[in-house]
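Several structures are given next for inspection.
Below, chain A partners chain B and then partners chain C, in two separate complexes.
== the complex of A and B ==
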């Protein structure tokens, strides 16, 4: 039993576990304490001082977010002193904040703006700077920094170093010159930034945003000579509702289809289709590696085991930079987005008799790293840029609003064919462990001829938000013809989400602790794609949990639950691709990686 | 009258302490009423007791020799002349608290003292005043050079600097260093002078120490006197001395004001010289006394102080990072004849916010000089500016 302490907060007597912060206590009791630098995903900073409260007997005010309660105390959260201090802090922050809400991406969803409104600030008490001190850095493909809007809360710094183990953001200089910036103040494009966008998700202001693609997409939609197709990934569906005031985890798939039609997209497709292809390709690749080991007697290392997933472009750039020696283990399968892109301008164009030069291929992603991915020079296997524009969930939300479409109240509609059908396995790619689960379902079926022996096909040990999961599947007792060598094997799969967790897993691999693991799934973002850097702000463990539930719930009700059952996938191989890992697949659906220097 | 410069056989305090139990040592220090000489005046015996009682696998003693407060140079002299006694004080603290390792965090600019300090450490090891001191009790000391920022003298920032973290980052208090300090273990941070006094108290007894000073501020204090005086330098005074007596002693009668406690201390105007005393309960100081003669422009003095704080704020927390600039702008406005009463009131309001909400002692103490100088000399400056306009 944890030790309990008696406290009084605003006169309410209560008991808390020793070590609880004042902020945690206040939240539990529904007492509002304003915060700026505190974030539920991050270690405490105590930097902004917005959350200060009065503790009886203490000379100074205390920051609620970082004050652990260890002995009896009497706390007051809204005394005149406290309110005056908070107003002053806001006024001080606004003094150097250069930016106009009307032209800011965070207008309406900015924590600084909201606090100014809550406190009813009606003038700039300490003045207001009007000229910029810094310039906007939009050199990257994904992340835009506007340091004049930065309030030095350092949430991005903590995110980049603690959650993502990248650490390109930090603080420079002192006093009023203090600024949060990139390593050696380089342009973001020249840093080790992996474009994950997690810093954007946690930034309270408009200082960090994604590179805009909405104008280009509007332009394409308005061009009568262009055939504009959009593929939509699974994670945005479970989150876009948040931008329209709906609770996190409201599944919007079919209403979103209607909205996209209203906006003028010519075809609305499902990235889950290519997620199923990914499973066929990656699964086959893994099985080939296993054959090399168990039949040809190759060492696991030489054969490229454990196989590592490759569908998260933030993760790809990270491993290219930090663990290039493990690139040979990385699956060569492209991400579902890029497989899709390659097919749209080949298979689909042929089938429909459209000149691929006139196709504009747009993708809706929960991810900012996909903006970088689609610009990689390798991603032009169709002979064109396979994916022209990537919209984040946030960007699409903004476009829907601009178009005056009332998303929550739209009728539902279906995807278009032929690339509009995905299985539940493709859908769960959106959650951490989902790719591994989808692969487990299909590989188990190929090897044993039976469904994975889990209730409702749910591979529970792969689910949930634990940072590193190592799941052991049942022993393979019975095998299909040709797979006898797999008999008696107990498959083990490791999963990590968030790059700091990926680092832990890679260090385990390096230390030889993952000997009997077949396959490693890594997603760059916490929670997997559902927590992607292009998803609606704010983010928190609870919000991600709700999105996850929506995804697993939708999986349960789909007609096909396993990638190999998807009839369109069969059709694709029959009509066009040949076989998994075959020649054309190889050309269109696989890629290669580059070793990047970890130095800059 | 002298405590610091009293006759003393090196090793006397430590031998006495080692004959006692750690609890008895703490009790003696408590009885002496010794309070921290670094500025804040926290009771030293209590600090040691907290650290002794806190949970932890290891404990540390850190001597704060960062001496960054403008106008302070008394620790420099102590290090030059009395490092052997300082090491003894650290060993006594270690015995009382249960520490095995100690650090001297030496101000970067005092690098030239390294040979002296290291020599004293070598000598103490040879003489058995460091190393294995008693059955089952070992203690050793190493020196680390400071990072060169004023805020690094603040104990939390100092510990982070020792650990190699950017100063001021991420640490909050509570927990205090006595609970979770260096590498999250109970840690005592004491000023050079505090530790030397502790050694002397062990040798001569708490009663001897209490004969000097006041009830709440026992013993003596080293002060560094600078500015418009005939004899600047380091002096030892009993607590309770009036500013007037002090000025008489150093040849500074006729001064317009005295800044006690360095840039972050308070300014005493001449009207109060004979009533205000140097004592924790009245005008506290870490040691710096700066005297301003009749010709000084106090707004210029304040501007200098504010420039210092703007440079030295680590920039971590909002009130100090942004607030110092507003205060500096206000002083400049006054000096250029553009300020109104309202500007001054706003700045004074901001002072209370900075004192209440800044994360560390630096931001919390900026209002000391601002309020006291503005309080005594602001109206006059405003009026003068008004005339000029």
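== the complex of A and C ==
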């Protein structure tokens, strides 16, 4: 039993576990304490002092977020002293904040703006700077920094180093000169930034935003000579409702289809279709690797085992920079977004008799790193830029609002064909462990001729938010013809989400601790795509949990649950691609990687 | 883009430091940075990145340390680094006259390097010599109870 301490907060007597912070206690009792630097995903910083409270007997006010309760105490959160200090802190922040709410991307969803409203700051108590001190850094592919809107809360710093193991954001100088910026104040494009956008998700203000693609997409939609198609990934559907006041985890798939039609998109397709292709390609590739080991006697290392997933572009840049020696293990299969892009300007264009030069291929993604991925020079296998523009969930939300569309109250409608049908396996790509689960469903079927022996096809050991998961599947007892060599094998799969967790997994691999693991799934973002850097703010473990539930719930009700069952996938191979890992598949659906320097 | 690399010797020294268990992060960073500055006269960009690679400490955090302490510089400096204390006791003891004498003699300001690359002058905070101010530090050597004449005399000794 944990040691308990008696406390009083605003006169309420209660008992807490020793070590609980004042903020945790307050939250538990529904006592509001304003915060800025504190974030549920991040270690304490005690940087802003917005959360000060009065503790009886202590001369100075204490930061509730970083004050652990260790002995009996009497806490007050609403005294005049507390109120004045908080107002002062806020007024000082506003003094140095250069930005116009009306034209800011965070208007209506900014924590600084909200606090200023809450505190009734109708005047700048300490004056107000109006001249910019810094310039906006939009050199990167995905993230834009406007340091004049930064309040030095360091959430981005902690995110970039602790969650993502990249560490290019930090503080420089001290005292009044302190500022949060990049390593050696380099342009973001020159740094090791992997474009994950996790810093954007946790920034309380408009200091960090995504690179805009909305203007380009509007322009395409307004151009009568362009045929504009959009593919939508699974994770945004479980989150976009949040931008319209709906609770996290409200599935908006079919209403979103209607909204996209109203906006003028010519075809609305489902990225899950190409996610199914990814499974067919990546699964076949993995099985070929296994054959090399168990039939040809090649060493696992030479054969490229464990196979590592490649659908998360933030992860790709990260491994290219930090563990390039493991690139040969990375699946060469493109991400679903890029497979889709390659098909739109080839297969789809041919089928419809449209000149690919007139097709504008847009994708809706939960991800900012996808903006970088579509710009990679390798991603032009159709002969054109395979994906022209990537919109984040946030950007699409803004566009829907701008178009005057009331998303929550729209009727539902379906995807278009022929690229508008995905299986549940493609859908669960949106959650950490989902790609591994989708692969397990199909590979198990190919090898044994039967469905994976799990209730409802749910491979539960691969699910959930534990940072690193190593799941052991049942022993393979029965095999389909040709797969006898797999008999008796106990497949193991490892999963990591968030790049600091990926680093743990890579270090385990390096240390030889993953000997009997067949495949490793890595997603750059916490929770997987559902926690992507382009998803609505704020983010927290609870919000991500709700989105995850929505995704798994939707999977349960789909007509096809496994990639190999998807009739459109069969049709694609028959009509166009040939076979998985075949010549055309190889050209359009696979890619290569590059070793990147770690030097900025 | 930097093409330089740390010398094998410094690299090995830092690797050895980072293998020490229980060595606080702060000590690891400070010792390594001092060693780098001693070797190069400043902390080059590539050195911070290599230090980060060896220790696993985020590059931006290394940069934060370097910028926090006035002793470290990210720009190449003169052959001799001269620090003047600017904290209250030394200030009251007459640091302004000292600094003026130096600036007049060498024609450069605090934070700058003489055109011949001989000195870099800079301010620092209290060096623990408060009862003997004004105080100055040249290449790790402290000089106290300075006067405008004395300071110029001392500097002449450094080539």
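Everything that follows uses one rule, which is that the second predicted complex is superposed on the first by the 600 of 600 C-alpha atoms of A that agree within 3 Å, B and C clash if a C-alpha of one lies under 4 Å from a C-alpha of the other, contacts with A are read in each partner's own complex, and residues count from 1 in each chain.
Keep this in mind: a residue touches a chain if its C-beta (ideal position, glycine included) is under 8 Å from a C-beta of that chain, and two chains touch if they have at least 3 such contacts.
Since we're looking at a predicted model, the values are computed, not measured.
When the two complexes are overlaid on their common chain A, residue A:161 makes contact with chain C while staying clear of chain B. Of the two partner chains placed by superposition, A:571 touches none, neither chain B nor chain C.
When the two complexes are overlaid on their common chain A, residue A:174 makes contact with chain B and with chain C alike. In the superposition on chain A, A:125 makes contact with chain B only, while chain C stays out of contact range. Contacts of A:43 after superposition on the shared chain: chain B is touched, whereas chain C is not. In the superposition on chain A, A:85 contacts chain B only, with no contact to chain C. Of the two partner chains placed by the overlay, only chain B lies in contact with A:93; chain C stays clear of it. Looking at the superposed arrangement, the partner reaching more residues of chain A, out of chain B and chain C, is B.
In the superposition on chain A, A:139 contacts neither chain B nor chain C. In the overlay built on the shared chain, the residue A:182 is in contact with chain C alone; chain B does not reach it. The contact surfaces that chain B and chain C form on chain A in the two complexes overlap at residues 171, 173-174.
Put simply, chain A touches chain C in their complex at residues 157, 160-161, 166-174, 182-184, 192, 597-600. Taken together, the chain B residues at the contact with chain A in this complex read 149, 166, 169-170, 172, 174-175, 309-319, 321-326, 346, 349-350, 352-353, 355-359, 364.
On chain C, the positions that touch chain A within their shared complex are 1-2, 45-46, 48-49, 52-53, 57-61, 63-64, 67-68, 74.
Those residues of chain A that touch chain B in the shared complex are 43-50, 52, 60-61, 63, 66-68, 70, 81, 84-85, 88-89, 92-93, 95-96, 125-127, 151-152, 171, 173-178.
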